[in-house]
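What follows is a set of structures for review.
There are two complexes below, and they share chain A, which is joined by chain B in the first and by chain C in the second.
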Partner chain A sequence: MSVLAQQLLLGLLIGGLYGLAAAGLSLVFGVMRVLNVAHGELIMLGGYGAFWLAALFGVDPFASLVLVIPGSLLLGALLYWGLFGFVVRAHEETRIKNSLLIGFGLALALHALAVRLWTADERSIPTSYGGAVLSVGELSIPLVRLATLTLALVLIGALQLLLSRWRWGKAIRATAEDWQAALLTGIDIRRAYLLAFALGTALAGAAGTLVTVAYSVSPSIGLEWTLKALIVVVLAGLGSMLGTFVGGLVLGLAEAASAATFGGPYREIVGLVIFVVVLAVRPRGLFGR
Partner chain B sequence: MLEIDGLQAGYGDVRALFGVTLSVGAGEIVALLGPNGAGKSTLLNCVAGLVRPRSGAIRWDGQDLRTLGAHLIVERGVALVPEGRRLFGGMTVQENLELGAFASRAWGGRRAGLERVYTLFPVLAERRRTAVQALSGGQQQMVAVGRALMASPRLLMLDEPSLGLAPRLVAAILEALVAINRAGVTVFLVEQNVPAALSLAHRGYLLEGGRIVGEGSGASLMADEHVRRAYLGPLAVRTPSPQGEHQ
Partner chain C sequence: MTAGGHERRWAIVILAALALLALLPLTAPRDDVLNFVFLILLAITLAESWNIVAGYAGQVNLGHAAFFGLGALVTRMLWTEGAPVLLAMAAGAGTATLFALVIGVAAFRLRGAYFAIGTLALGEILRTTVGNVLPEISTLPAATIASYRLTQRYYLALGLAAVSVIAVAALATSRLGLGMRAIREDEEAAESSGVGALSLKLTALALSTALAGLAGGLFAYYHISYYPSHPFGPHWTFDALLMTFIGGVGTLQGPVLGAILYIVLKEYLALRWVDIHLLIFGALFVGIVLLLPGGLVQAAERARGVLGGARRAA
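Entry: the complex of A and B
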């Protein structure tokens, strides 16, 4: 019993990062109708950003968020100007196709770049507090992972606040709902797209940092994280960032439960099952509008 | 003042406008009348920048609007209440209205703008925290008009504001338009409800098959034999336009 509870707890802890990873993908897809399949590679780059800051300058991995987030914002803006800004000029049906092509190309290129810069080895960031554990009854909670879950929630909350209070946050939501109506209210929707993509990339960078602190990073983690994020977006639906976070927790728990019940290899299957079932039964997702 | 000269436009292979020329003077209420598929919405969408014309000119206070992005046309003081309202359904009444003031020309004055809209439509003030998708059709239309007013336009264009509304609500919307016009806003109105439109318009144009086939003061159009037969006839059945439909 306590073994199962411990596994579920660990599932919940990684689920917070699934939610954070999915939030960026959801924002970009919801606003631009563009599926960025290189989202996982942006997460991977965020992880290496933190790794580099720690390895070269001894920056604490949590503190490195202060640099990784603005750096990712900038990277997102550059990627929008250089690549995805051309995709949104196309019609909505063509957009998905074009974004898939560009996304896969970008994913391959970033993967190759990461192997070049950091080799194919798995990297992690050792810290003095890395092994700290909080014991509650028979459960032991790894403090670093608890901190990543908390930070993921804080970042999602900050995003939600930004989207509901900031003038351009409202413009992003309006553009997601109806881009033509947004134009008619005087919103420069290209700018809304740019901001959404930059924010999505910043969330990916933050997620990558937290993944690297709590687990590890290698050049090949991208596809796996794109897949997890996609499953969570389908599960949670578009339109609510907190809903996306909860969707991440649900996926984390479901993975842990299936690994505990059917054995480790089944961990990856449950997400795909959820994907198919949600699409068949409730295509707009649990919290989608 | 708005001047449209030789405007041609369409979607893909389908042409909707075949050289339309008309003008809307400052302070006027001008109605654009015509059957379904005549090109009325296309014309408004061209002015608003949502549809790019093939040829012809659209001048607003002497400035060519054809090359401006839709959001910049709003900055010039031209606002459109689109067909079907196109509100942001998941947001509240107040959020929709505030977004209407997104243009820099209006953002600073959005609080005063809200007061004006709430004075014009007091029921919206009561429901300011309600998501617009929970409102009745008439209230949604009020939000749509209010959202366009929030941009503090000098030219307000409306695409079928009475569509699907009960007569009482149609009257309320049209009364509001008269009040808006008295406050100095030029109104360019597309309507299928011809008697209602001509009752308040100073002038009107008849658009059929993508061409202007008649124009005149509200009263003279009301008396026009073709208008009476086609739009006000006792059976109220629309006869095909002389040029035929170009759909």
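Entry: the complex of A and C
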């Protein structure tokens, strides 16, 4: 029993990162209607940002968020100007197609670049508090992972606040809701797209930092994280960042539960069944409007 | 678009080219030449099969590798157990199609990008599961390796590429294909004029996955050793997608041209810049997409339009 509880707990802890990874993708997809399949590579870049800040300058990985987030914002803006800004000029159908093409090309290039610059080795950040564990009854909670879950929740909360209070946050939501109506009310939707993409990239960078602190980073983690994020986006549906976060927790728990019940190799099959059932019952996702 | 005539002409051109390629082994070329053409032929089959669902029924299926993989898995199992290879390939294609029909009913409830994401997730889940359950590399027995003939594989690939081109040409000129295009343009309008969208989408998926399953079977017959999860890898899906879009989605000749360009470019870059070829390939690719948003076919049409306009003006 306690083994199962421990596994579920670990599932919940990684689920928070699934949620954070998915939030950025959901924001970009919801607002721009483009599918950025290079999202995982942006997470990977954020992870390397934190790794090198720690390795070269001894910056604490949690403190490095203060630098990684603005850096990712800037990277997002550059990617929007250089690539994705062209995609949103097309019709919605063409956008999906072109974003897949550009995203895949970008993912290939970023992955190859990361291997070239930093080798294919797996890297993690050693910290003095890395092994600390909080014992609650028979459960042992790794403190670093608990901190990443908490920080993920804080970031999601901050984003939710930004989207509901800030003038441009409202503009982003209006654009997501109905871009034509948003345009008619005088919203600069190109700017809303730019901000959404930059914010989405910043969230990816933050997620990458937390992934690297709690687990590790290597050039090949991109695809895996893109997929987890995509599954969460579909499971949770569009429209609520908090819903996306909960969707991440659900996926983490479901993976842990099925690994515990059916053994590691069949873990993904249970994920598949849950995924298909949710889609069949609620095609717009658990929390989608 | 003039109904059919265009496709028929292209079908004749492509089939004639394939017939010429049938003479290639008779000239006793080096094995690497045959292997290279084999890669292109496999790519043509894969791209055309993906084109059926994307280009005609208008659904971006990102789980295509799952059907290629299933075809490979079943074919390899039956063939190494002693079944004739063509029978094993048919069983592989049948399995892929059956799985597609089961999955399709649920997946087609999803629209647009959701369908793309859903199918991508399905493919990945299958890949990880196969990788977990069958982690050992699959190698042909020594006796089979000793009797391995490249020309047999080559002709099978040639036949399969021809079948896929004929299938797409037949579809494009048929009532069925017309119905699919109606769905692609406007699903609700098509439904209200009596086109059964779900059954047509399922038909497209069945045809597409049967071809993908056959292509997977060919892969299993061709490769001496590989990891069983390898043909399930997402790069098979994205290869098919890239080739189809580079060439021109929803046309007969587009995926063929895209496949040739894609394989030639990729192999050339891999030889020329070994360690950074994927970086260049990725960047080049983004450039192609930005400069030629409608693919080679549309670019050629535009160029012809400009030239024609200039000629008329002169």
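Throughout what follows, the second predicted complex is superposed on the first by the 281 of 289 C-alpha atoms of A that agree within 3 Å, B and C clash if a C-alpha of one lies under 4 Å from a C-alpha of the other, contacts with A are read in each partner's own complex, and residues count from 1 in each chain.
By our rule, contacts are C-beta pairs under 8 Å (C-beta built on N, C-alpha and C of every residue); 3 or more make two chains touch, one makes a residue touch a chain.
Keep in mind that this is a model prediction, so the values were computed, not measured.
Enquirer: A:181 contacts which: chain B (first), chain C (second), both, neither?
Expert: first
Enquirer: Considering only the touch criterion stated at the top, classify A:171 as touching first (chain B), second (chain C), both, or neither.
Expert: After superposing on A, A:171 lies in contact with chain B but is clear of chain C.
Enquirer: Please indicate which partner A:189 is in contact with in the superposed arrangement: first for chain B, second for chain C, both, or neither.
Expert: It touches chain B, and chain C stays clear.
Enquirer: Of chain B and chain C, which one touches more residues of chain A?
Expert: C
Enquirer: If we overlay the two complexes on their shared chain A, which of chain B and chain C does A:96 touch? Say first, second, both or neither.
Expert: It touches chain C, and chain B stays clear.
Enquirer: In the overlaid three-chain picture, which partner chain does A:239 touch, first (chain B) or second (chain C), both, or neither?
Expert: A:239 sits against chain B, while chain C stays out of touch.
Enquirer: Write out the stretch or stretches of chain A touching chain C in their complex.
Expert: 29, 33, 35, 83, 86, 90, 92-94, 96-98, 100-102, 104-113, 116, 223, 227, 230-231, 233-234, 264-269, 271-272, 275-276, 279-280, 283
Enquirer: Give every residue of chain B touching chain A within the complex, in rising order.
Expert: Within the complex, chain B touches chain A at residues 48-50, 69-71, 74-75, 79-80, 82, 86-91, 95, 98-100, 102-104, 106-107, 147-148, 150-151.
Enquirer: Going by the contact rule set out above, which residues of chain C touch chain A in the complex?
Expert: The contact residues of chain C facing chain A are 58, 60, 62, 103, 106-107, 109-114, 116-118, 120-122, 124-126, 128-129, 132-133, 234, 238, 241-242, 245, 249, 275-279, 281-283, 285-286, 289-290, 293.
Enquirer: Where on chain A does chain B make contact in their complex?
Expert: 167, 170-171, 173-174, 177-178, 180-189, 239, 289
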